[in-house]
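Once you scroll down, you'll see the structures, which are given as structure tokens.
Paired with chain B in one complex and with chain C in the other, chain A is shared by the two complexes that follow.
Here is the complex of A and B:
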């Protein structure tokens, strides 16, 4: 039992956090150079997922990618350290909750732990995403034509492609260039059918996949007989819910943390569950 | 319009330098006036820059934004007599750097067609300004000026910097997801340094758990180091090549 306790204390110690975070910072600074000089080695992570990438690019160019493997190891260590540390402190806080004068003070005191657990949730999301996400790359859609996916089984048809070109003169170098792309697509499988408009930063969701517009042609107006098409990224990312919920909760925790600091500074007074400036 | 943007920024830089000169001569009123005028010129330059290019995002032009935000944050300390030449020196240094190493580079704007990309940029520059301010208070502590009060200010600004930096990262993740289907885009080298700075300040906010380091001097050394690391790793890579400002030669 003593060993378990010692291991638990070691795993959650702040000095371990200091060491891990210090190493992570050094590792990230080292990673800047491979990312800057060899971006082509890292860009495929988005398409292939981390596992397939590590089996190909990762191990083949280990000299440039080693920092990323080290980073993953350090992230795993930081996750364990954060979980142990925050669970330990939160348990103590809950035990002593009666010593807080108001429930709001107690809740605000939990803010760092909300952030810690949210960070773990984000890490879990990234882990699921990089290990389990499926990406269909290089899918080109022509107006009126369809493509079929095998997993999940569905057909995507580009029904209509509208491209708006810039006609004003306020923005230099934008003359005749595309400023808006609206691609009306229809997705269907055996059970349902959906018609939606796809655009830049405006993906279309058809559970469990999301379709993102990557590129299109023609990019400038004028000329005749030019090929019109869109290039899409089709993602099946089960991790997205985790990291977005994690981000939302982290932001909430951050607001609570700032509020707690304000209360401590005396800018807000919390009494009987109400706040007064 | 491009000339107006450049000239108004040049005017802002000159005002910042005059403000610094006044501070060094202990004329606080004159320093405050010129700092305010400089900030207004800088803001005008940024406003026109944003208007003429919107919805294009000036993603690599944070160096023009940071001195303006930092300048506005320094007006209150100057007015309340807690200001120091270090404040105006930092603002002037950042403005001169932006002036001499301009980076007028825009990416294809269709990918910026979301508010998240603008939040990513704007929260990021506010975060940088806060980290600089934290570094300024840290330097003042190291010079022995009102340690107790400046320690509070240093911690508070570092905390706000962390807040905006985090919001910037999350906005960037949202934008990346909407645009490319992944919260991390692995071909931008600034990704790693941005995360490193975030980790640094995360650690800085955990210093209260390490009693040996939770004293004004070690904390101020770390805050100052943080500002330097942030500048070298996230501001310097965004600077362009050396160029004399138009009209000076």
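Here is the complex of A and C:
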């Protein structure tokens, strides 16, 4: 039992956090150059997943990618360290919850730990994304045409493609250039159908997939015989729910933290007739 | 706290040592099994998997698996991803792709369609093929005749035009994107042949080509090592509404740097023929000593005066006033199979003193004025 306690204490120690942070700084410093000079080695992680990437780009170009494996290890260590430290603190706070003058003050004191747990949830989401997401690359949709996906089974049709071109004359080099694109797509499977507008930074969700606009043509107006199309990336990412929830919780924790600071400064009173702590 | 600092230092050393030892391992594995190892080629990749199958990733990030004819396709792939090798009928959009087919020695056997007219070709095998009716002109790249393409019965279409993917796949052929959103660096340009080779089971030929180019690069490095001057080079042109240049990450930019010279668009990053502002182009033009234009004599690059007449804005560029301007000869873009000679040509232009008596094969130095008729 003593050993377990010692390991638990070691894993959650603040000194370990500092060591991990220091190592991460060194590792990121080492990783800066391969990332800058060989971006082509790292870009495929986004669509082929971490495991397959490791087996191909990762291990074959180890001299450029070793820092990333080390970073993953360090992030895992930091996650364990954060989990242990936060859980330790949370347990103590819960044990001593009666020493707080109000339940709200107790809840507000949990704010940093909520942020820490949220961060862990986001890490978990990214881990799930990199290990379990499926991506369909290079899917091209022509107006009126459909493409079919086998997994998950569905059909996507480009119903309408509207491209706005710059018509002003104040910015000469933007003349006739595309400034916005809206693609109306219809997605259907055996059970349901959805019609939505796809654009840049405006993906379309059709659970469990999301459709993202990567490119489109033509980029300039005028000219003849130029084919109109959109190039989309289709993702099936189970990790996104985790980091969305993580971000929400983190934001909540942040607001609680700021609120607690104001309470401490005396700007707020948390309950009638009681002094702020 | 001292312990932590010590731990950080030790781990940093381990990271660095780890990198060093990986280096050695890498070199070892490369020489040991060049043919069977995974290879990243710019945005492309070649990954030999089990049973002699090869998984390839094209310029658009789409995966295909190449399997010998007659074998049962592996599970986990969509039918459009399966390509049987060796491919027997191919269509190529780009002249570099066609030149690579020539380098692999399969051009006459497999090429059945192109997107340039017979008059535009300088590769004898293509001209002959078109004359004999074996190679079809499919229409300009932006107006392909899909009926004719269908008649060609291609198994593989190599293109940069993503819009044709749905139509080609509907025909039952594989459509492979042979360009990437970012310009090919020198290494990718040299290795590109390794991406095309597995489609035709010509890996050995690809290695021969690669070693030839690699040797030429080594000679360039050797020849220009002691060059005393570092000429400033720019590569691009101004068109009616656009200014296009080769970015610093492109093979041209890298080669200029490797040949002990200063590439003036080294800070520009992106695709080949990338658009930049007019001001940026003219700014570099003040210092440049050598200017490579995209224009061929057919497009008006017959002399410096002709270039200046066509576009008065470039008349003030230093190379047009007292430097050198080079224009590619018509066969330059179709000579990818002679990449070693092209690289040597460019190095010789940049450092003529390192290549005494060398006569350029792919570029022409523009005279000040057109000869009087």
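Definition applied: the second predicted complex is superposed on the first by the 260 of 277 C-alpha atoms of A that agree within 3 Å, B and C clash if a C-alpha of one lies under 4 Å from a C-alpha of the other, contacts with A are read in each partner's own complex, and residues count from 1 in each chain.
The criterion applied here is as follows: contacts are C-beta pairs under 8 Å (C-beta built on N, C-alpha and C of every residue); 3 or more make two chains touch, one makes a residue touch a chain.
Bear in mind that the values here come from a model prediction, so they are computed numbers and not experimental data.
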Handout entry: chain A residues touched by each partner, larger count belonging to chain B or chain C
Key = B
Handout entry: Partner chain(s) touched by A:18 [first = chain B, second = chain C, both, neither]
Key = both
Practice task
Report for A:227: first if it touches chain B alone, second if chain C alone, otherwise both or neither.
Solution key: second
Exercise for the section: Look at A:6 in the shared chain and tell me whether it touches chain B only, chain C only, both, or neither; answer first, second, both or neither. Expected result: neither
Exercise for the section: Using the touch definition from the top, say if A:62 reaches chain B (first), chain C (second), both or neither. Expected result: second
Problem - chain B versus chain C as contact partner of A:32, first or second or both or neither - result: first
Practice task
Please indicate which partner A:76 is in contact with in the superposed arrangement: first for chain B, second for chain C, both, or neither.
Solution key: neither
Practice task
With the two complexes superposed on chain A, say which partner A:94 touches: chain B (first), chain C (second), both, or neither.
Solution key: neither
Exercise for the section: May I ask you to decide whether A:150 touches chain B, chain C, both, or neither, giving the answer as first, second, both or neither? Expected result: second
Problem - Doubly contacted residues of chain A, that is, touched by chain B and again by chain C - result: 15, 18, 22, 39-40, 43
Problem - In the complex with chain C, residue positions of chain A that touch it - result: 15, 18-19, 22-23, 26-27, 30, 39-41, 43-44, 47, 56-57, 60-63, 66-67, 70, 137-138, 140-142, 145, 147, 150, 173, 175, 215, 217, 225-227, 229, 231
Fill in the blank from the handout: So, in the complex, the side of chain C touching chain A is made of residues 1, 4-5, 7-8, 11-12, 15-16, 18-19, 22-23, 25-26, 29, 37-40, 42-43, 45, 47, 57-58, 60-63, 78, 142-143, 161-166, 177, 182, 188, 241, 277
Practice task
Flag every residue of chain B that touches chain A in the complex, lowest number first.
Solution key: 2, 52-53, 56, 109-111, 113-114, 116-117, 156, 159-160, 163, 166-167, 170, 173-175, 177-189, 191-193, 195-196, 199-200, 202-203, 206, 209-210, 233
Fill in the blank from the handout: The answer for chain A against chain B in the complex is residues 14-15, 17-18, 21-22, 24-25, 28-29, 31-33, 35-36, 39-40, 42-43, 45-46, 126, 129, 135, 170-172, 174, 178-181, 199-203, 210, 212, 214, 233, 235, 237, 240, 243-244, 247, 250-251, 254, 258, 261
